[in-house]
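One chain, chain A, appears in both complexes that follow, with chain B as partner in the first and chain C in the second.
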Partner chain A sequence: MSSVHGITLRGIEAVRVETEVEITGGLFSMSIVGLPDAAVRESRERVRAALRTEGLQIRGRVAINLAPADLPKEGALLDLPIALGLAAALGAVSVPEGALFLGELSLDGRLRRVRGAVPAAILARKLGVSLYVPEENAREVSLVSGVRAYAVPDLATLLAAFRGASVLSPVEPVAPEDEDVRPDPDFSDIRGQASARRALEIAAAGHHNVLLVGSPGSGKTMLARALRGILPPLSDAELLETLLVQSSAGSPYAGGRARSFRAVHHTASTVSVCGGGHSVSPGEVTLAHRGVLFLDEFTEFRRDLLEALRQPLEDGQITVSRAAGSVQFPSRVLLVAACNPCPCGWYGDPVERCSCSASDVDRYRRKLSGPIIDRIDMYVSVPRLLPEELMSVGDTTPEDSASIRARVRKAREAQLLRWEPSGFHCNAELPERLLRKSIGLSAEARAFLSGIAGSLRLSGRGISRVLKVARSIADLAGSPDISRAHAAEALAYRKGGLPV
Partner chain B sequence: MTAPHLELGRRGEDEAAVLLSRQGFRVLGRNIRNRCGEIDILAMDGDELVVVEVRVRSIGELMSPEDSVGPKKIRKLVRAGTLLVESKNWQGPWRIDLIAMTVDRKGEWNVEHFRDITDGAWRP
Partner chain C sequence: MTSSRPALILLNGLTTLDARVWERSRERDISPDDILRGDGKTCTALGIPEASARALAELAASGFHETEQERADRENVRIVTYDDTAYPDALRSLSDAPLALYIAGKWPLCAPTAVVGTRKCSSYGRAVGMALGRAIAQIGGTVLSGGALGIDASAHEGCLDAGGATAAVLGTGPDVVYPRGHERLYRRILEGGGVITEYPFGTGPKTWLFPRRNRIIAGLAERLAVVEAPMKSGAMITARLALEYGRDVWAVPGRIDEECGRGTNRLIADGAIPLVDIGEFASIISNGQLSLFSEPSAREAISNGMTDEEEKILHILEKNVHQTVDNIAAEGTMTAADVLSGLAVLAARSLIYQSGPGRWSAAPGIRKQP
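Showing the complex of A and B:
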């Protein structure tokens, strides 16, 4: 009997799986026990074919046990440990004790990319063991510092290395560069919309949630997409968090430090956005972690979906509980929502007439519940430009994304410097205790806010969200303290928005 | 005097046994009967025990010899083989091979050897 270690994923966490293989006499058969899913059960055929290319013929009765027995195992990433366990049981090779192996085998013995390489690397680092991953996963694993990892192109190379016939070179850790994102559209392509531009700059700087309200064709979607080009690069810690999520979801790492941007259509189901399903996989709100979650036509989303977003938006993480178990996913997103001001879309338009009755407008607005509205830091009205404004050729081109991004980046660096010792990355995720203590509110701004908060009937959350936005505005201005003007601007985004 | 098709089958089994030994198999026994059925040839291929089923057809018959072994026959072979292997107290691996033979009008043999016909598809 031989035993080799692999992993399986539980949410975004890797759990060690021990693969025990026993071969006894009898008619050839191969059985896998230990709650394998279909992909694991089918590994039988891949593993057998791959071993045959190495001249290893499996005969007799093969029993494969995946321990712990009560943990469901999923995915093809157990192919490699199963194959090595078989090779060891056949006496063809001796496998190093304790090491973690993952990889999906192709019939000719090559190793294919798997999901979960980053969680596996983190587990390997915690256990202090070495890790063997498919060559295609080497890049993402190289970003996890302090792990002894080897990239394996195929089964033959690995077996040769264990026989001492060749040496595998370890994966070298590399820090990725901040590649310039190619903004599409660029902010220089957007005419007018000065207030929306400013709001998005603040949102990008401090990771604040934004609601864009405007008539059809006013450019809400274009603005939201342009936001992508001014987001600050991911910090090292943020990059690792993002990679962990993406690796678990199976999307390949393309390099760079760009934040994710997930646009979700309003027909999306609650499970697809919040996570869940048979094997409890992450939803859009998790895939957009540290990036942007864009919900166009915000009011058209199902009500229960929007309400389900309350907790992840507030806590930056979501706990998905199912019969199969409960899993925690990170969900620190910058929510960009866009909607029309009324059902017909023309409410408040300078030219077109709104044909909605007052009760229609009222019902439309009520689709967004109080708790959700309370979680949106910035209300931005996006007025439609008149045809003559659109067609006129201005003498000045608007500021481009690159220069806005430079400012945002500077503001974010200031935040990192201030908050990283306490474990936070941006103003939006500050907890209450830090907010009151070290946000740097000037005396006049404090007086101004306490005077106005009462008359605006701001909730406790409302006040702290205003403070966070004000902090971002001050950071953009390079000011250590929040002045009265910063507070006033932040407050304007809160109470403005939907034209009344 | 046996019936012509049984006579043909016996000649085929002789031919198959010769063929197997020429391939390096060690023939241990023939026409071994137990309560689950009959095993045409029992042989050793290296360190693996092989239960060989021989199927013979004259050319022109509708069904080819290999097609005449269906799931029911395979189940029967597995049962008979298991019983035999256990009675002989064999601990190593074993498999079931099929030798499909057709004889043409000139009396020439056309032979195909299928190794391990269960190939993991059979579950204990």
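Showing the complex of A and C:
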């Protein structure tokens, strides 16, 4: 009997799985026990074929046990440890003690990319053991520092290395490239929309959730996509967090430090957005971790879905509980929601005619309250530019994303410097007590706001939001104090500023 | 002889009868007691159809007039009947005057000016409604309207924002808020003004009740201003009735290619006074005594405490409507940030409004600089 270690995923966490193989005499049969899913059970065909290319014929009764027995095992990533266990049981090779193996086998013995390499690397680092991954996973694993990992092209190379016939070169740890984020679309591609550009810059600076309101064709989606490109690049820690999520979900590392952008359709199920399912996989809110989560046609979303999104948006993580146990996923996202001003979309358009009745519009507007809307700091109305307006703004090239990002970065650094002692990172996170005390509101701005709060009928919460946004505007300007102009501009992004 | 009050409340409870039935009862010498007994013969004599007569008998048997009075006392609502001295003379002269009025809040209101229009108004119509409401409040007048969505609500709000008193004539019972979402508006109206209806407690929104109540608006108002009304609309019914009752009717001219401009334009063609300048309207209805708007200092008062940028933006918007931040920034050579902070302040002072998503216009009623 021999035993080799592999992993299985529990959420975004790797759990060590011990693969025990026993071969006894008798007619050929092969059974896998230990709660394997279909992909694991089918591995016997792949493993048998791959071993045959190495001249290893399996005969007799084969029993494969995946321990711990009560943990469900999933995915093809257990192919490699099973194959090695068999090879060891046949006496063909001796496998190093404790090492973690993962990889999906092809029938000719090549190793295919698997999901979960980054969680496996983190587990290997924790356990202090070496890790063998398919070559295609080497890049993401190389970004995890302090792990002894080897990239394996195929089963033959690995077996040769264990026999001492060749030497596997370890994966060199690489610091993630500082290569600049390539925004798509770039802000220089967007014509006009000065107010939305400005609002998104502020949102990026202070990590404020945004609602874009505008008629069809006004460019809400393009603006939302462009937002990703002006967010500061991922830090090392953030990059690792996003890698962990992406690796668990099986999406390859694209390189660079760009943040993710996930658009959710309003027909999406709660499970696909929040995570869950049979094997408890991460949802959109987790895949957008440290990036942008875009909810287009916000008013069309089911209320229960929005209700379910509230907690992950607030806490930055989501706990998915299933019969098999509960799993935690990170979910720190910048939320961008977009909607039309009315059901038909043409309310207040200078050319098109709105066909909604008064009560339709009223009912539609009433949807803009409730579960997540109170997590939104900025309300931005986006005009649909007329052809002649587009022509007149078309002469000059607008500022590109890189220069906006440089300002955003500076503003973020200023926030970190100010709030880190109190345990916060950006203005959007600020609690009430800090807002009232140490936000740096100038006397002039204070007088201005208290003068105007009454006539605007601002609620306590509304004032807090204005203060947070004003703080971000001041940070962008590099100003230690919030001036009257900063406070006034913040008022332009409150909910009451939407057209009625 | 017993008081006529219970009988009037009872008859009014049917929500289909008016003062004509009461006059008939006098002519035919039918006493209130007969009505309270509600037998078929009395009803026939009064010309009440059979189905209504049965409903009346049921109401009478259930003691409707008593429970209604009790409820009114409890909820601080006054019931003023046709025979009461407190009944408004302006309504008594109508042939189809309501038999009873449920009044909450302050009453009577001085010199009410009705402002009505379509529920489905444009943002421009809303801005005009608000400006009219404000202007009427500033000359110390009262705004009367129907408490509905759209123009009605904007006129009430404009008046309240300027610290004036306003009254809503409802098409539902005094305890029913319609449309949903106007709870806050009704509360604000009741703070300094009143809510009036002829419909008893618990009457929900029914399509046929709203046109009926328009005669109360037209009757109570000294004059009527119509902002945005399609040809077939409640506002047009109100305007026709007001003309019939001999009230001054003003209409805000609209575009000739738009549904909601047709009604008002038709009114003007038929002899209504075109409302082309809010300041002028305000000074005429205040008999020229209080002409806040025509003072040349009015515009200066507006400019008071304004930054240069705000001044510049207001100028640009006074010239053109529907301007985006891009347009304003280009024309005024300002940054988007400056434009946005200027817009926020001007909007907070109700000098401009958002006429569409991301588009701004100057509020009607600000006098242009010479």
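Following the convention adopted for this analysis, the second predicted complex is superposed on the first by the 395 of 500 C-alpha atoms of A that agree within 3 Å, B and C clash if a C-alpha of one lies under 4 Å from a C-alpha of the other, contacts with A are read in each partner's own complex, and residues count from 1 in each chain.
Just so it is clear, contacts are C-beta pairs under 8 Å (C-beta built on N, C-alpha and C of every residue); 3 or more make two chains touch, one makes a residue touch a chain.
In this text, all values refer to a predicted model and were calculated from it rather than measured experimentally.
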| item | value |
| --- | --- |
| First, second, both or neither for A:Phe28, with chain B first and chain C second | first |
| Chain B versus chain C as contact partner of A:Arg44, first or second or both or neither | first |
| Which superposed partner A:Asp315 touches (first chain B, second chain C, both, neither) | neither |
| Partner chain in contact with A:Gly60 - chain B first, chain C second, else both or neither | first |
| Winner by number of chain A residues touched, once chain B and chain C are compared | C |
| Chain B versus chain C as contact partner of A:Asp178, first or second or both or neither | neither |
| Residue ranges of chain B in contact with chain A within the complex | 48, 78, 81-82, 85, 90-96, 116, 118-120, 122-124 |
| Residues of chain A that touch chain B when the two form their complex | 24-31, 44, 48, 59-61 |
| Parts of chain C lying in touch with chain A, wherever the complex brings them together | 118-123, 126, 148-150, 161, 179, 181, 322, 324-327, 329-330, 336-345, 347-349, 354-359 |
| Touch list for chain A against partner chain C, complex | 192-198, 213-215, 218, 341, 347-350, 356-359, 361-362, 366, 381-385, 389, 392-393, 452, 455-456, 473, 485-486, 488-492, 497-500 |
